[in-house]
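Across the two complexes that follow, subunit A remains constant while its partner is subunit B and subsequently subunit C.
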Partner chain A sequence: MLIDRTHKPWATASAAILLIAVAAYVPYVAGSAPVGGGTLPGLVYGTIGFAFMAFVTLLALRKKFPIWRIGRTTTWMRGHLWLGALSFPLILLHAAFFWGHGLTSVMMWLFAIVYVSGFFGAWLQHAIPRRLMRDVPMETIYDEIGHVREQLLDEADGIVAAACGKLEVQISVPDAAVSSGASALATVMRTGSGDADDGAPLRDFYLKEMRPFVQAPSVSHPLASAMTAAAMFGKLRPLVPAALEQAIVDLENICEEERQLLRQRRMHGVLHAWLIVHVPLSFAMMLLAVVHIVMALRY
Partner chain B sequence: MSEMIAINIDGRDVSVPKGTTIFDAARMNGIAIPTLCHQQNQTPVGVCRVCVVDVGARVYAASCIRECEPGMKVKTDTPAVVKARTTLVEMLMSDHPTPCARQENSGDCELETMAKAAGVAAPRFARRLSPRGRDDSSLSIAVDHEACILCDRCIRGCDEVKKNNVIGRSGRGYTAHIGFDLDLPMGSSTCVSCGECMVSCPTGALTNKRVVDAALDGEKLDPEWILQLPVFKGVSGTFLELNRSSVVKREIAPGEVICREGEFGSTAFYILEGTVEVYITSPIAHVQQQDTPGGWFSRIRSTLSPRRTHTRAEESGRKYIPIDGPVDLPYDKPLAELTAGDLFGEMTCMSFNPRSATVRAKTRVVVLEMLRNVLDILQKNKTFRADLDRKYRQRALETHIRSVPEFAAMPAEFIAYLRDRVELIRYSPGEVIVRQGDAADAFYLVRMGFVKVSERHPGGDIVLTYLGRGSYFGEMGLLGGGIRTATCTALDHVDVVKIAAEDFGLMLSRFPSIREGLERVARERKEMNRRRVAQTEHVPIGEFLNQGLMEAQSLLLLDLEKCTRCDQCVKACADAHDGVTRLVREGLRFDKYLVATSCRSCRDPLCMVGCPVGSIRRRNSMEIIIEDWCVGCGLCVRNCPYGNLNLHPFATEVADPANPSRMIAGTKKKATGCDLCMEQAEPSCVYACPHAAAHRVEPLTFFGGMLGIEKRSPQGSTAETSK
Partner chain C sequence: MRIRTAKQRAQRIDLYYFRHARGLRRWRVLLSIAVPLVALVWVSAVAFAGGRKVYSAGPVSIAHAFAEMKCEVCHSGANATAGFRAHTTEKACLTCHDAPAHAANMTPPPECSTCHREHRGRVQIARTSDGFCASCHADLKTTHGDPKVARAVSAFPQGHPEFAAVKVGARDPGQLRFNHAVHLKDGLRGPSGPEKLQCASCHRPETAPAGAGARRAARTGLMSPATFQETCARCHPLFFDERIEQAVPHAKPDAVRAFVQQTLSRYIQEHPDEIGKPDSAFRRVPLNFPRPPEPPARNAEEWVARRSAADERILWNKTCAECHARSGTAADNLPVFAATNVTRQWMPRAAFDHGPHLMVTCQSCHAAEGSTKAADVLLPTQATCASCHSPSKGAESRCFECHRYHDWTKARPVTPAYSLTDFK
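And now, the complex of A and B:
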């Protein structure tokens, strides 16, 4: 979520809560009475901190039921950010900055990781969407990338076949059409109206260089770099008749779209990968927090 | 016995009855005089002058109108006469397109044949500078005014032979041409398409419009047999001969399906014998996923998401579903019967709309299946039309009136009072039914077709809405100051029920509840129009126009700087609509916003045009909704210029192809589109976005600052779409 001016009330309230908590902590820690989680002030810090943690965790549940009219999800998300940011300092105040042993220590480490990963995620959500918008103008729906690639491959085959007269390629066969033990690839001959001899260099380039890239794009492929791709197409141009220029431009565009899809996949991964750490550890931490509360109250 | 007179023609002494024209006298004696404007079954008028002969007078005489006189010496083929005749033909040819349609199709244009025989190759005279144009408004007859030689044969055919009195002369000098009624397009005139003018025409000025691929399955009929049917009384045998492949007789066994809802077709059916059942097989229900969970989890979900499924507030008043037939189907049990003498499939045939219902033979049925050229002639046939209108008044008027929620409670006796007082009127495509600013003199119920309602403004007309069968218009003018507030134009072939202002006034005075209902609707329409006009009074630019954003009333925008592509909006949309999402998170970009693929509630909602059952419509609060009786024909999906409507399959029972009377599990499709979650305060997609990236906005207000146009949001509304 982008933290902008609309967050001002939340930021102000959070800062006020933090200030009050710290202000209350100073006389508490400066006094002669023992400090720690078991004391009354410690329990108050712990209760408020846990309540914040619980609310923050409930966001996951809220998102499971997006149409429940229990407050806009944006509001929940803002609460998640700001109350989550407050929860760790409050827990530190609850523990009087003592990391603890055993279960408590594990919980604190988990909390620290979740806390840091949360900040990291917030930063990613600031940075990546803007980069995606700027660097991937041909962005598509993430789950549709595979399908779009199939279409691009088919389009590229068609362009080359039309320009070069004929093109023998292997295409994947749908699962249903493949009998047991048979190959999942079929060789097909696509034909067009172009001259086979004139288009031979283009066909060779396509089959040896470009088609493997379009079929299975990888960042290590030379065509994954826009500069290298421009150089490769630049070398190809003098070898083919001027009449095939449009075909080359179309193929360049397909390579560009492939590069953008590669970029989108990578950035999408980065944008969401941190959740793999953040979400499970959050639940683990909440579980340990409940155990910690039960044990602390019971024993 | 009449008095005989003796004359001499080309050196031969002949005797003919007194009063005989020279033309007839020559013909009776085996001497052929060429002519263009004269036909034996018509009164001679002598306008073409091609039949001129030398009678020894100062000028040549037109033989078709000059009566024989005792002792007259007539010369029909002297070099001078032939030269005069050739000059006349040459002059006629100078304005005649060569080859004309008739010459091209059958090679028998009389003028061109005559010109060829006379050796007239390229006329020496210049063509007219002001073209007279073509008239393709009739479905069965093409009018090419350029090919017309003003011989008046069509006029006499129409007036004298068929007594229809539709065609006449219009204009003078170079602007002279044949005209229909008060110089209307032929399709809009009272022409009954009898075909007599076409048969009479010596050139390609009036030709038969042939129907492409007119091969219909069924028994081809002899025109003589067809003419014996009462419904074809008065139809031209010549026309039927020319179009004999456009109508067939079909015998259908009980249980056999004649046509299915949603299919595209081009024919109409007239029942000669038997009874058919008309029904809608698509269940009246929201589209939903087959795997919707049904456990306690979904019960909690239903409790916490207060969406009332399967009903809408305004649906409670709906009692009938409009279809393409003489009856409406009851909403709670969409089934009706048609019997001998009923016609169905008119809209499909005339406007190529999808079939609105499934029709199955209940008994052994004999039908005439016809293409639009034959249907057009039948509809213009006074006998047939009167019969259809009589049946409509007797059987369908009451249900049609009651299908309007505001009139649902109208007492039967008042409907009986209206029965013979209402006018049933037909309009051709493009014809204006009422014009903004005119005096309001009637109230209209749409019986068939689509009416475009538009308002005149500086810079052009603004389309307010489209009205289909079951809708009405004209109440605002009658309830207001007596002046029409908008122009209503027939978009295709439109039939309306016209209730005169005095009957409308009587109805309002006798039934205050109807008055209240109509006044409420009028207020809502007025407010909707005001908002729409207020939104359109800006002039945005560039890409905004290119992307059609100007046309939108409500856009779903995703702020790409905030959107983390989590798809919560899509999930929420699917959850809110029984598992079927109404939005796709893809589309064109405008600035930093993605214009998601979701209904835009366009100002000119093209999707609404042609819906065979009127299930897609615009609510007064502007959103487009697709009602549950959608038959899944997909026309709205094809009509949407932005791809924002989709067909979604759902599980139901369908007829077994091997045994149509048996139902088996299968799937059908219904159209789906964003309804703005109208039962909620905010669309679910916007409500569920965790990152405040989704917005439903009025584009002109939202982008006003960016486009450099003054923000003048309508009173009471904000940039975010309000409901």
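And now, the complex of A and C:
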């Protein structure tokens, strides 16, 4: 989510809460009375901080059930951002800036990691989507990249078969067939109307260079670079009749789409990898926070 | 021409793709289950093993470290409050420490935990923050009567009044005539020739004897009061008669008189020919008003009486009066000298230990070399202490460095409530 002018009320409210909390903390810590999580002010800070943490964690539940009529997801997301940003300072005030010991120390470390990763994620949410829009116009749903690639391979096979008359390729067998005892790969012959001899250079190029790239894209493959790809297709063009120019253009286009999908996967990884740290650790922290509350109230 | 319509692109998508998490999303889901599970297993394992250190708010102080693994010593058992809660109460502290109150007229005393914060690491729990002291002493209020200490003390050195002993107009209450400046001069006549006295020639650390609660003799941190026998007698022997080699004891006048008479009697028994000899002129006191010599004594008793009277005149008016102030005359014409009243502890409300300060010269703190009057107070001022003892200088400057909250002389014995097995 982009933090823009629409966040102003949230930002103002958060700043006000933080200001009040710090203003109340100064006389509390300057006084002679003991400070810490077990004192009345400490408990107040802890309760508010934990309430914010709980709300922030509930975003996962809200996302799991998007049809629940309990506020707009954007509102929840804003709350997640701003109340999450407030929660750690409040917990620090609760603990009177002691890092704790044992369970509380573990929680503090978890919270610190979750907090920092959250800020990192928020920054990524501002930087990466813009680049994604610019560099990956052929973006697709991330989870569907593999599925789209299979279709691109099939499309490329079809184009080459149509241009070259026939094409013998190995294709993946559906999982259901593999489970019933069939081999994972099957050899199929695709035919088209093109002349086999004229299209031989194209077929060879496709089978040796392009198909491995489309089948299993890798950044180390020559076709992963737009410049190298253009040079390779440029060398191919004089070797085939002009009638196959359209097929080459289409294949170039498929390579470009593959490159963009590669880029999308990489950017998506950068954009979402922090969540692998942020989400699991925040769940663990909430669990430990409940244990901490129970034990702290007892002792 | 490879043309893809929106419909074609849409058709490439599996509409139920979201049902199966792949890649990063799958890892996220798996880890979101696994990591909290690991946390749960950890907490459960600790609970199952009976370990509670993980729930501790921090290591306990050095004094309580022996019971660190036994939370219930303070948090439950006889000290527990009813129900689920097991907070430490005042009773838990008083089970082992029947700490006496601070002052009889103080406003309601705080709970132990107000000043002594536990679970703050391996610290000395008695070393409390100045804030606790200042919470009362910054604006001292009492339940009755006026406080005997300053009403507003917040910290040291700023916010601390000057030591009472060195305030303007303060005098040494001692009645001993002594001139430090004279005694610290070079080339003093000593028994073995010229010598230079040091502070330590007369002032030595005081040692409290074993017994009365102390298992072994220990230094009190104060300086022993200088005694005549240990410090003065070496250079100032109390000779009283030119015929006698012995000096009178440093004792009460009646004991001195008895000694003088016994010694003279013994002398005249050993030298009976002395009875008929007249006194020499220089024996008359004062010499500037010479009197005609007395006729010789007729017998030993008269000789002793005459010599005793003469020797006592020397003793009472010169030898003793050199240091002691005569305050009157008792029966038998014996003099009464004022009690020396030497101050043993200059700061009765504070604890000072000379031991840690032995690396600096005495003159760094005590201006004795320039002191010519016995009434001079040679105690250092607060500024002298603050040259090291201030937050910016490094040496400890918190209240507990000099002051004690509890008056441990009034401590009452506690009834043991635990056995060694309680801490295993």
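Note that in this section the second predicted complex is superposed on the first by the 291 of 299 C-alpha atoms of A that agree within 3 Å, B and C clash if a C-alpha of one lies under 4 Å from a C-alpha of the other, contacts with A are read in each partner's own complex, and residues count from 1 in each chain.
As a convention for this text, a contact is a pair of C-beta atoms (placed from the backbone, for glycine too) under 8 Å apart; a residue touches a chain by one contact, two chains touch by 3 or more.
On a predicted model such as this, the values are computed, not experimentally measured, just so you know.
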Fit-or-clash call for subunit B and subunit C when the two complexes are aligned on subunit A: fit
Which of subunit B and subunit C A:Gly146 touches, first, second, both or neither: second
Which partner, subunit B or subunit C, touches more subunit A residues: C
Touched partner set for A:Phe65, first subunit B, second subunit C, both or neither: first
First, second, both or neither for A:His268, with subunit B first and subunit C second: both
Touched partner set for A:Gly158, first subunit B, second subunit C, both or neither: neither
Vertex subunit A, arms to subunit B and subunit C (CA centres, degrees, nearest 10): 150
Which superposed partner A:Pro212 touches (first subunit B, second subunit C, both, neither): neither
Touched partner set for A:Val279, first subunit B, second subunit C, both or neither: second
Which of subunit B and subunit C A:Thr74 touches, first, second, both or neither: first
Touching partner for A:Pro89 - first (subunit B), second (subunit C), both, neither: neither
Shortest span in Å between Cα atoms of subunit B and of subunit C, once chain A is used as the common reference: 5
Shared subunit A contacts, counted only where both subunit B and subunit C touch the same residue: 140-142, 144, 268, 272
Residues on subunit C engaged by subunit A in the complex (per definition of touch): 1-2, 9, 12-14, 17-18, 20-25, 27-28, 31-32, 34-36, 38-40, 43, 53-59, 71, 75, 84-87, 113-114, 117, 119, 129, 131-132, 134-135
Subunit A partner contacts - residues on subunit B that touch it in the complex: 301, 304-307, 560-566, 568, 571-572, 575-576, 584-586, 589, 592, 680, 682, 684, 687-692
Subunit C partner contacts - residues on subunit A that touch it in the complex: 31-34, 36-38, 60, 98, 100-104, 140-144, 146-148, 151, 155, 159, 246, 249-250, 253-254, 268-269, 272-273, 275-276, 279-281, 283-284, 286-288, 291, 295, 297-299
Interfacial residue positions of subunit A with respect to subunit B in the complex: 1-2, 6, 59, 63, 65-70, 72-74, 76-77, 125, 128-130, 132-133, 137, 140-142, 144, 268, 271-272
